[in-house]
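Each structure below is given as structure tokens.
You will see subunit A twice below: alongside subunit B first, and alongside subunit C after that.
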Partner chain A sequence: MFKRSGTGNYAYMSARVKAKTSKLLKEEDYNKMLMMSVPEISHYISEAGYSKEMNDLGTRHAGIDLLEYATYMNMSKQFRSILESANGELKTMIAAYLTKWDFENLKVVLRGKNYGLTPDMIREDLVIAGSLKEDDIERIISAPSIEDALAIFKSKTGLSVSDEAIHLYKEENVLTRIEDELSIGYYKSVLDSITGKDRATNIFRTYIKYVIDLKNIETIMKFKMENVDGSLAADFFIPGGAQLTDKIFAQANAAPTIEAAFNELQSLKVFEELKTMLSQTPNISLLILTMERFRLKMAIQVSHTYPLSVLPVVVYMIMKEDEVKKIRTIAHGINSGLDRDTIKNLLVI
Partner chain B sequence: MATAGTEGLIAIGAGLAVGLAGLGSGLAEKDIGAAAVGAITENPSLFGRAMIFTVLPETIVIFGLVIAIMAIFVM
Partner chain C sequence: MAARDITPTRSVLLDLKRRIKLSQSGHKILKMKRDGLILEFFEIMEKARQMRAGVTSDFQLAMKKITIAKAVDGELNVLSAAYALKTYPVVNLSSKSIMGMMVPKVEAENVRRGFLNKGYGIIETSAYIEDAGAAFEKLLETLIRAAEVETTMKKLLDEIEKTKRRVNALEFKIIPEFQEAERFVKFRLEEMSREETTRLKHLKGKGESTE
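Now for the complex of A and B:
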């Protein structure tokens, strides 16, 4: 259990993230926030570790914008500090996991460029939490074309897209294919980076594989809910999942109804979670919420096992991301006048 | 009364007792020290407790030292 897995400063990182985890907001904090207004939430989180970001951004933003930027900025700083403090194999795994944010940022830049947004507007929506440095992201933003932006991204992260996808974008002005290829490339690179054979590293690998399964189920359900022809779904399949093979994916997509598609997924571990969703009216946000709950449950289950491994670090990053999502959900819910119970149902507590 | 040959062996034994115990403590303290520094970075108020945990393996060296003293002065 205490056997060190691979090279890296596991003891140091583990202690740091455990200390960080203890500072995360608890369920009672969210319950209190549900009773507050947006400025009160801003004040509350200022006292719960977000004060520096709130003060830094306070002169430029206000209200819900301030809260959004401050939470994302804080998360970025925490993730960057983790990445910078880690070394060896541990750093490689964390960097690969955090490429998710590089990939999300690239999507924001590409969409922004596609819709003709100014660099300043694009910059506002970025979350600099990945392994790319701010200079690299600036280069991507200022790239003259989408091809150039993709070339810079490839040189920094190794993730590339096919000529076909770029051709499709030029012909039809759609980014979907590019984004899907990047998504497949991201999951492949994370799995490739997890080279250790010990039990803790295997758990991390299994977790990523389940996340891939969840992404594939999301694709199936989106197709079914929107009544799109299932045969088109094959291009969106992300290989490397734990249980959801390309065969099950194809069968579920070929199913005539959403219920029939669910039946095809009966052999999967996540099915039990999905069953509860099926008892209510299935919709995309409920599906994503169910998936998030399952993902978080998996992470929390392993959070106290194997202290000298990548697990405590990854679990902290998942929990921090969840904290930021919850704060934003509560603030947005209150800002749009939703009642407390509805907001609470939207939280993954 | 120990002869010159046995005195040499006792000295080697005493040296090994302290040396190996020190090596063991060092190995144990390596991870504890790293974890302690990590914890203090996040929360400086943990310094006192982290320090205690870091020096706990030092007790092993004291055992080694006691054996060494016994070997030299008692045997």
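Now for the complex of A and C:
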């Protein structure tokens, strides 16, 4: 699916995302929002570019739900407009990157179908921010079985799962294997789509490879948190990372504690970065937050280096996702009565 | 039972004596049962108190974790993860006996799902959702154990109340009434015996005067 077709309209796209990036919320906006109530946050973000979505969805949702649906809808519109405006290999790379939202939607559909939700209930929970068109998603929703849904998804994105995973689903009625194979397939497809050899494309490739390393570190930590036999983790290793090989992955998984597993990663470049950012002994929540901060820091660092490349576009999408996440975190936190320090600690600022 | 309604015969007296003896031994046994139940109740009450504290703290922790999961990953992701699992925990109800009283025994299966059997993918599902799921599994386990203890405590309370009423009824109504009846029958029998003696003496005097 992701074939190169010309070099891409880098100059135009760069100018577009530059304008969009300037409209993103800043740190002081989040600090202000931390002092507001949910209706005040809704009003604040309406004035910061979310007004159309807030008005459109205002009749169907209210409160925290309205905020969540409106921010997702706004993000979807921005991503789709970027995808539609891009062309050539730039479009290929953006589409491959956005497949993660298609994958997210597929997960919602599969889980909903497996649970027995109605198509309307499934539709409500989708975030149409990926490269798939609404018609394609509709076909996946109305597919008679999970195998059919997977077949349609494969024909549109190229991401497939093994017969063994489907067999396991039929036998045990759990989607774990299918979802994990799709995750591994997604990262492979993004790496495969980055075919350019120039410096900027290489930076994007390196970024994705580091993201894979961080995902693998997260998997190690989850296994440690749950005290699950580390030897079972091999099936969940995502190949193609920057430095975290399957050997280091296995060694870290064999370590007895989270701290010992973290120390097994000493040979990685990210270890030093994470160690510097971690102020105390790593626990999984802290480590995940630190990794998220590191990922964002990496993205921001490269965003200005090559203006006429895929980097500003991808960095904008990363920052937009982060903006939506921050608004949601603040609103949910305030709505549930979490204290402001806890909410602030959850934010990746 | 009004004492005056009783036919004052020797067999009734014997029957009353037997019933008083039976009631007194029943009263003694019921008193022992009541005391035993009260002791058992205090033990269960302490357990229930700890359970309630456990439920409260587990509930607060689970709610905090789900709030954090919703904040970080969004309501949609949390909902979607919840839909991934189709199986439900199975609660088995049986009963056990405490001093002849049947109390429920609640056991559950499949409350804690293994990390690899949660239904959703391991790689992409956030650790916050995983953490919240584990906290709710723990809460459910505590609730099931608390349900057993709380029901046992309520049943014990009912049984203590019932036993107390029986003990009081025996002590202050049935046994005193039997004793009253016994006294009445004894008195009447003695009275009748005295009347009989007087009558015999009278008849004997009459016979002697005729001779």
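Definition applied: the second predicted complex is superposed on the first by the 331 of 349 C-alpha atoms of A that agree within 3 Å, B and C clash if a C-alpha of one lies under 4 Å from a C-alpha of the other, contacts with A are read in each partner's own complex, and residues count from 1 in each chain.
Assume a contact is a pair of C-beta atoms (placed from the backbone, for glycine too) under 8 Å apart; a residue touches a chain by one contact, two chains touch by 3 or more.
All of these numbers come straight from a predicted model, not from anything done at the bench.
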The answer to whether subunit B or subunit C touches more of subunit A is C
Open item on the list: Just to be sure I read the superposition right, which of the two partners does A:N173 touch: subunit B = first, subunit C = second, or both, or neither?
Closed with: second
**Which of subunit B and subunit C A:K107 touches, first, second, both or neither** = second
Touch test for A:M13: subunit B only (first), subunit C only (second), both, or neither? first
Per the contact definition in the header, classify A:L66: touching subunit B only (first), subunit C only (second), both, or neither.
neither
*asked:* Per the contact definition in the header, classify A:I318: touching subunit B only (first), subunit C only (second), both, or neither.
replied: neither
Task: Check the residue A:L308 against both partner chains and state whether it touches subunit B (first), subunit C (second), both, or neither.
output: first
>> Under the stated touch criterion, which partner chain does A:L150 make contact with: subunit B (first), subunit C (second), both, or neither?
In response: neither
The shared contact residues of subunit A with subunit B and subunit C are none
Subunit B residues touching subunit A in their complex are 30-32, 34-39, 41-43, 46
Residue positions on subunit A within touch of subunit B in the complex are 4, 9-16, 18-20, 23, 308
Touching subunit C in the complex, subunit A uses residues 64-65, 68, 72, 103, 107-108, 111-112, 114-117, 125, 127, 172-176, 178-180, 182-184, 215, 218-219, 221-223, 225-226, 228, 232, 236, 238, 284-285, 288, 325, 328-330, 332-333, 336, 338, 342-343, 346
Within the complex, subunit A is touched by subunit C residues 63-64, 67-68, 70-72, 74-76, 79-81, 83-87, 114-128, 130-131, 134
